[in-house]
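Both complexes below contain subunit A, partnered by subunit B and then by subunit C.
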Partner chain A sequence: MIEIVETGPFNTVQDLGRPGYRDIGVSASGAMDPLAVRIGNILVGNDENAAAIEVQTFPLSLRFERRIVFAVTGADGNPHLDGTELISWCAYIAEPGQVLELKQPPRLARSYISVGGGLDIPVVMGSRSTSLRGSFGGNSGRSLAKGDRIAIGEDAEIVMLPAPGLAVVAPAVALRKVFPAPVDGALPIRALPAGEHDLFAGDGEAFWRQTWRISSRSDRTGYRLSGEPIKPTASVEMRSHGVVPGVIQVPPGGEPIVQMSDANTAGGYPKIAGVIECDLWRLGQARIGARLRFVRSTHSEARAVEQAVARYVDDVRQTSRMVKRALKAMK
Partner chain B sequence: MIATTSRDASQREIVPATRSRARVSSIGARAFLLEAPGDFDLIAQRRIWALSQTVNGWADLAENIPGMTNLLLIFKETPEDPDAVVARLLEAWENARSIDLKGKTIEIPVYYGGEYATDLPALCDRSRLSDHEVVRIHHEATYRVFALGSAPGFGYLHGLDPRIYMPRKPVPSLKMPKGCVTIGGMQTGVAMLTGPNGWNSIGFAALEMFDPTSPSPAMMAPGDTVRFLPARIEL
Partner chain C sequence: MSSIDFSDPATIAFLTDALTAAGVDGLEISRPGGQLRIVVAGNGGARISSAEATPHAPGSASAVVKAPMAGRFCVEHPAASAEPQNLPRSVSDADIVGFVGVGHILLPLRAGRSGVLTRLLAEPGALVGFGDPLVEIELPS
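Take a look at the complex of A and B:
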């Protein structure tokens, strides 16, 4: 068991999501930074899809009730175990009674806590992710609260770890060539023009040219962007159609909304563009007030990024397995 | 706006529609939306259902989501040749024959009027009908579930009488209760979640239509027939 000692209001249990039910209106949900969940799970020896805690309102602290392997991934800023500073992107062993504390990270938005064996929570419709809108999945369909106790799955082989821990190079560093750094403080996010792009005529170009700011009315469902409003040349009555995370819709006010992990499954606003899936985790790590710019991309670039990410994850998986095997042999 | 993608042109070049060609556009790199040309009717929807069944057999497809005379396809990975995907999709559409899904009939008892019918007066003003007439026209019709979406188990119903069409509200109700029986444009439905909602409420239904723990969580399925039974009319 782990016990939540302190938490902000919107921290939830998430895995890689609940795809396959959009046709009955159920959002996929899942972590806003799925890459961080995959890496965290590999580090602690889990299946990549095991459930983790997504922390987006800090501070959060929890008490481990038994000896356990854990890792904190995602945001910058380091976790503390019983007051001792550890590093992120690193697996450690906690002893019973020890308290893990996550403080507000300096720049990024979301941290993930993975534990060996994963969070032992009932699977609802193929996933342990919390559906806040539907009030099901995760921790009884709601955010974590002080005093909650969460069961932990069986850790088949408590991971062999070197005494100082087992760390990986964070994706932002390892994949520096694949994910371009901010330019003048604006995060580049790659997107493809979508169905109604041409309807925006000159404003369509303004969409790509300007810097957008993530407004305070943003959450796991969607990011509302502030900037110079863009308007279509004609108002269109769209028939309701399926949408996916990353779709950039433009409501009548002219300020775009990017649908995120808890994206609605259907929409009707004109779509100007769609963020490529591999850039969604960077958006998931961008905070309210952060600035971003959309960069016109292509299917082939999206494929190249996907493949680079897959190589990185494979590399982490193989290397961590090798290190653990070597440590076991030394015992 | 309906337009079509020419098979030879790049997938991003969208040329004006003819009545017979479908339009394909993309959302991000893995999702493609096919929109049927022509009217918003059961004929087009039957072809969408047929297309949905055809693409279910495609090995590279992760999900397909029928909408209102359109279909969203999500591929397992970003296709190497998006133009080929568009061509394959348009060909499947051309070959899609109308099918009639053999759905079940769902009867939904409704309390018309009363405290939940917050938008009934506006609907009467717009339609120049009395509240009794609006309610009668609504419950006398037979509806088909075209698609599900927007909220867990929410069915988009087709078959609303044009006399009681009512555009979505420019400013949504912030906290419309779950169970409200609503009209949005030429569609009707029952709100599945309490929350912001731009549709117009004329009544309330207490029937539970979604259970995440059930093997088939949504009560409604595309093709089903829906009848609203007036359990109480309070005007």
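Take a look at the complex of A and C:
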């Protein structure tokens, strides 16, 4: 068991999501930074899709009731265990009674706590993710609260973890060639023009040219962007149609909305563009107030980024296994 | 005396092969700088352990952190945006004094002792072998 000692609002249990039920109005949910969850789970020896704790309001602290392997991935802050600073993107062993604390990270938005054996939570429609709007999944369908106790699955891998820990070169560093750094403080987010792009004519070009700011009216459902409004050349009445995370809609006010992990399943606003799936985690790590710019991408570029990410994850999976075995054999 | 480096993986591999070929169960070498023990297991696979003795320089004692396996020696976490850590600096036993990198995996190197990290014994970024000395920690007298 782990016990939540302190938490801000809207911290939830998430895995890689619940795809496949949009047709019956169920959002996919899942971590806002799925890459961090995959790597955290690999480090602690879990299946990549094991449930983790998504922390988006800080501080959060929890107590481990038994000996356990854990890793904190995602945001850039360093976690503390019983007051001792650790590094993120590193698996450690916690002893019973030790308290893990996550403070506000310096720049990024979301941290993930993975534990060996995963959070032992009932699977609903193929996922352990919390659906806040549907009030199901995860920790009783709601955010974590002080005093919550969460069961942990069996961990057969704990004996394999090297005593000093096992760390990884974080994706932002390892993949810096395919994920360009912010330019003049604006995070480049790649997107493809979507169905109604041409309705925006000149304003469509302004969409790509300007720097947008993530407004305070943003959450796991969607990011509302602030900037110079963009308008279609004619107002269009559209029937509601399917929407997925990454879709950028433009409501009548002219300030775009990017659908995120808890995306609506349908909507009727015109779609100007869609963020490529591989860039969604970077958006998930962008905080309210952060500035971003959309960069026109292509399907082949999106595919190339996807392949680079897959190679990185494969390398982390295989090398971590190899290193653990080699060190075990030398003991 | 010869100056064979018994912490060199190639030397260990060569010795292990030689022992296996000769049908010898194991070998133990003790020298002032450390100890190497190779035990040839019955059904393939040898067990190797090496331990460093603390070398004594006149007037001060120091400990050496060695590479737990072959890889690339990294002094800092690649994601660290912090300023480079200067030497000498105080470390406590649980502090991470560097990493051995294998692909994208990083093995943290713990100081193991409290003292003053005085110098690096390997070039940052260099490929190091199992048992190679990486950093020196001067122990409080």
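Observations
Keep this in mind: the second predicted complex is superposed on the first by the 329 of 331 C-alpha atoms of A that agree within 3 Å, B and C clash if a C-alpha of one lies under 4 Å from a C-alpha of the other, contacts with A are read in each partner's own complex, and residues count from 1 in each chain.
Here is the rule we go by: contacts are C-beta pairs under 8 Å (C-beta built on N, C-alpha and C of every residue); 3 or more make two chains touch, one makes a residue touch a chain.
Predicted model only: the values in this text are computed from it and were never measured.
In this overlay on subunit A, subunit B fits alongside subunit C without clashing. When the two complexes are overlaid on their common chain A, residue A:102 makes contact with neither subunit B nor subunit C.
In the superposition on chain A, A:299 makes contact with subunit B only, not with subunit C.
After superposition on chain A, the vertex angle at the CA centre of subunit A, spanning the CA centres of subunit B and subunit C, is 160 degrees to the nearest 10.
By the touch criterion defined above, A:166 lies against subunit C but remains apart from subunit B after alignment on the C-alpha atoms of chain A.
Of the two partner chains placed around the shared chain by superposition, subunit B is the only one that A:195 touches, whereas subunit C remains out of contact. Between subunit B and subunit C, more residues of subunit A are touched by B.
In the overlay built on the shared chain, the residue A:319 is in contact with subunit C alone; subunit B does not reach it.
In the superposed pair of complexes, A:134 makes contact with subunit B only, with no contact to subunit C. Legend: residue contacts after superposition of the two complexes on their common chain; A:89 is shown touching subunit C, with no touch to subunit B.
Of all Cα pairs spanning subunit B and subunit C in the superposition, the closest are 25 Å apart. Within subunit A, not a single residue is touched by subunit B in the first complex and by subunit C in the second. Listing the residues of subunit A that touch subunit C in their complex gives 76, 84, 87-90, 162, 164-170, 172-174, 312, 315-316, 319-320, 322-323, 326-327, 329-330.
By the touch criterion given at the top, residues 1, 12, 14, 23, 25-31, 33, 35, 40, 62-72, 74, 77-80, 82, 147-154, 156, 170, 185, 187, 192-193, 195, 210, 212-213, 217-218 of subunit B touch subunit A in their complex. On subunit C, the positions that touch subunit A within their shared complex are 45, 47-49, 68-69, 77-79, 94, 96, 99, 101-110, 130. Within the complex formed with subunit B, the residues of subunit A that make contact are 19-26, 124-125, 131, 133-134, 136-137, 191-196, 198-199, 234, 236-237, 239-244, 246-247, 252, 264-266, 271, 274-277, 297, 299-300, 302-303, 306.
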